[in-house]
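Let me begin by presenting the structure, written as structure tokens, before commenting on it.
The first chain written gets the first letter, and so on, giving A, B and C; residue counts start at 1 in each chain.
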Amino acid sequence: MNVALRRTGEWTPAIVVFVLAIAAWEGAIVAFHIQQFLLPKPSDIVSSFWTDRHTLWPAGWYTFKEALGGFAGGSLAGILVATLIGRFRTIGPAVMPLAIAANAIPIIAFAPIADVWFNPLSPVSKMAIAGVLCFLPVMVNTLRGLQRASPRQIELMRSYAASDLDIWRRVRIPTALPFVFTALKVSSVLAMIGAIVGEYFGGAFNALGVLIRSDAQILDFQTAWAGILVASLLGLALYGAVALLERIVVRWAPAARDS
Amino acid sequence: MPASLLRAVRRSLEVGAVLLALAGLWELYRWSWTTAGWTWPFAVDSTSMPHVWTILKAFGQPAQVNQPALITILFHKSLFTAKEAVVGFALGAVVGFALGILFAHSRLLQRGVMPYIVASQTIPILAIAPMVVVWVNPKLPGPFQGWGSVAVIAAYLTFFPVTINTLRGLHSADARALELMRTYAASAWTVLWKLRVPASLPYVFSALRLAATASVVGAIIGELPSGLQSGLGGAILNFNQYYSIEPQELWATNIVAALVGILFFSVVVATEKAIVRRAPENVA
Amino acid sequence: MSSDLVVSIAGVTKTFPRGNVTALQDIDLALTHGEFVSLIGPSGCGKSTLLRVIGDLIEPSAGTVTVNGKSARQARIDRDYGIVFQDAVLFDWRTVAKNIALPLEMLGWDRERRKARVEEMLDLVELGSFGEHHPWQLSGGMQQRVSIARALSFEPALLLMDEPFGALDEMTRERLNLELLSIWETLGSTVIFVTHSISEAVFLSTKVVVMSPRPGRIAGTIDVDLPRPRAAETREDPHYFELVTAVRELLRKRGQHLLPEEEPL
């Protein structure tokens, strides 16, 4: 009981800020006659969120599926590559600088290419972009986690005449798991953003990014913001799901412990 | 030859070798897929995967009739985008750093505001960009108009990692060092600048490395809806439209964009080496 | 107690190429079954290295090591020894019970057998109610007891301990000393115990081996003939003090870096 109370207490400032901010937002627009077409009132956004739900929500779901596909594919690829590099340690030093350089490349450059390679109307092109965005953080962090295995623990395993596979199973992988989840949390947010960025360059008409863009172009910012709200909520939902999974799987990690 | 020059030459040779290897892989993939006729994951032809040489040649040629060579055009566009990125980076870094300091000193503020800052990063910047452009542009003084709003977008992508890492870095000060400062009756301000900030530097730089890339991404993304032709974003949009006719120009632009990103990143790493005077640390 | 040689070391030398350090030079040592031998010496005398050579965690540059009549390698593969480090080296992602069960899993024991043995060990180190806890919920002393329980869980004939109580406070250390002795007497294993503490070495052992650094060599051996079972009162026995002084003298004279003019005895 006490824990629950303490938890709610921790969230109070955030809730207070939220209420205050929304109130201020509404109030400011009314009081200063801010042009509504630029920055709609929260109440208008919410009402648009509801009234346009028949277009917005399915569009959001469509884009979410793209994000999910990219997230799954990119993360899996990242984990696999990191495992290979961790296993065959000779290729590590050769690959790391490449990974760092690749991390510095604006992924936006890849978006139009993905549209060319895969039909821009097909969700695969957006999955590819989301996947590429997710791949790097997952790979880098998984590798870091695999390399963090305590040498003493490995020494202990050797005293048990453990095979390399044993060491992987019992030491390296559990050590890496917290790092993998941190990266997955970052990727979960990037996936949705990647899908929407991809749609900007062209996508099916029922995709969320395309909808937001066309709404903005006809200056219907109210619906555009409602669309953004949908995108944001979905991104947060994916993040939340990963965080929840992290709590269950990685209960021992210091991060999960302290939160 | 002095040791550092030797190392630089070796480094360049290694980079050159890697680039050659990548080009070789590209051509190998291209050759294998066209000979075998595979269409998964995508069909390979001179439009979807132009030859490396074609792309490189395109740099030297004009994109349109009576225009200077592509490389000159891209160079100027890079400068334009770089300007936005640098200003955005500086703005985002300062704001992020200040927010980090603010949150480190007020648990209440941190609890109240941080969740929204985190949530704000889930908002697809591309969706907000047009609105930011429309809203911010009129408010900017003359010479900043146009590209200034893009710098703001770049700053938006930059400030978040800087805030988070500044906060972590400020909190990372050794508890015993803090106690020592208490015995000197040091004010919070002194503790901040003599102990916490220096302790936070590795974390801040780690974020700045990310921010360097993010600012370039933000600048390019910001240009897209703003209709600015003078930057790399405009070039990408432009060449995207002509892709089926001249695919190599989009690839060339992407290579330039990649180089700009890597350049920014390297500058930050070099600055870190100079300021912190030891190897950049790999703090998460 | 049979008088078989459990550990036999002849002419063991270990040089580390990096820094050209001779950690061990010409070490000869023989241990019979049931002995409790302490290795003591200043930093850099190679005691931890010697322990690891015995455990086949480091390969000697020269010399032979025989454990239980086999090569050190084979002894490791046959899991003839258990090892305890200065840090408990527990796995954060396993409960205390699962940590103790780790070597048993590797030996392929079935679940029933593992469960029974883990309970035995928990009782042995007096952590009966902590089986489902996680390592970070335990104090340093408790973690070290889990580490000992784990090392003994498969009843190895030989127990290697590398300054296991070094990180603990003196009171906890003295208490764990007594516990370790009672476990040793119950199980009848042979123990090689590396330590920095003269009083601990004398209190626990049947024999104290003093080592000198640079290069690592055995400076001398002192038999400890204090009566057993040893208890808190033993520390007040005058003969105990004599032995402690003897070890200290040996360390002072021979445990230091020998000057070129001095000849080892």
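Here, contacts are C-beta pairs under 8 Å (C-beta built on N, C-alpha and C of every residue); 3 or more make two chains touch, one makes a residue touch a chain.
Predicted, not measured: the structure shown is a model, and the values here were computed from it.
Student: Determine, using the mean of C-alpha atoms as each chain's centre, which chain is farthest from subunit B.
Tutor: Centroid comparison gives C as the farthest chain from subunit B.
Student: Among the chains in this structure, which pair is joined by the largest number of C-beta pairs in contact?
Tutor: A-B
Student: Of the chains shown, whose Cα centre falls closest to the middle of all protein Cα atoms?
Tutor: Central chain: A.
Student: How many angstrom between the C-alpha centroids of subunit C and subunit B?
Tutor: 54
Student: What whole-number Å value describes the gap between the mean CA coordinates of subunit A and subunit C?
Tutor: Once rounded, the distance between the two centres reads 50 Å.
Student: Where the CA atoms of subunit A average out and where those of subunit B average out, how many Å apart are those spots?
Tutor: Centres of subunit A and subunit B (C-alpha means) sit 18 Å apart.
Student: Quick check on the complex: what are the subunit C residues that touch subunit A?
Tutor: On the subunit C side, the touching residues are 55, 57, 76-79, 81-83, 85, 87, 89, 91-93, 102-103, 106, 134, 136.
Student: Residue numbers of subunit A touching subunit C in their complex, please.
Tutor: Touching subunit C: residues 150, 152-153, 155-156, 158-162, 166, 170-171, 174, 177, 250, 252-253, 257 of subunit A.
Student: Touching residues of subunit A toward subunit B in the complex: what are they?
Tutor: Residues 10-14, 16-18, 21, 38-39, 97-98, 100-101, 103-110, 112-113, 115-118, 141, 144, 182, 189, 192-193, 196-197, 200-201, 209, 212-213, 216-217, 221, 224-225, 227-228, 231-232, 235-236, 239 of subunit A touch subunit B in their complex.
Student: Considering only the defined contacts, which subunit B positions touch subunit A in the complex?
Tutor: So the residues of subunit B touching subunit A come out as 18, 41-42, 47-48, 108-109, 111-116, 119, 121-128, 130-131, 134-135, 212-213, 216-217, 220-221, 224-225, 233, 236, 240, 243, 247, 250-251, 253-254, 257-258, 260-262, 264-265, 282, 284.
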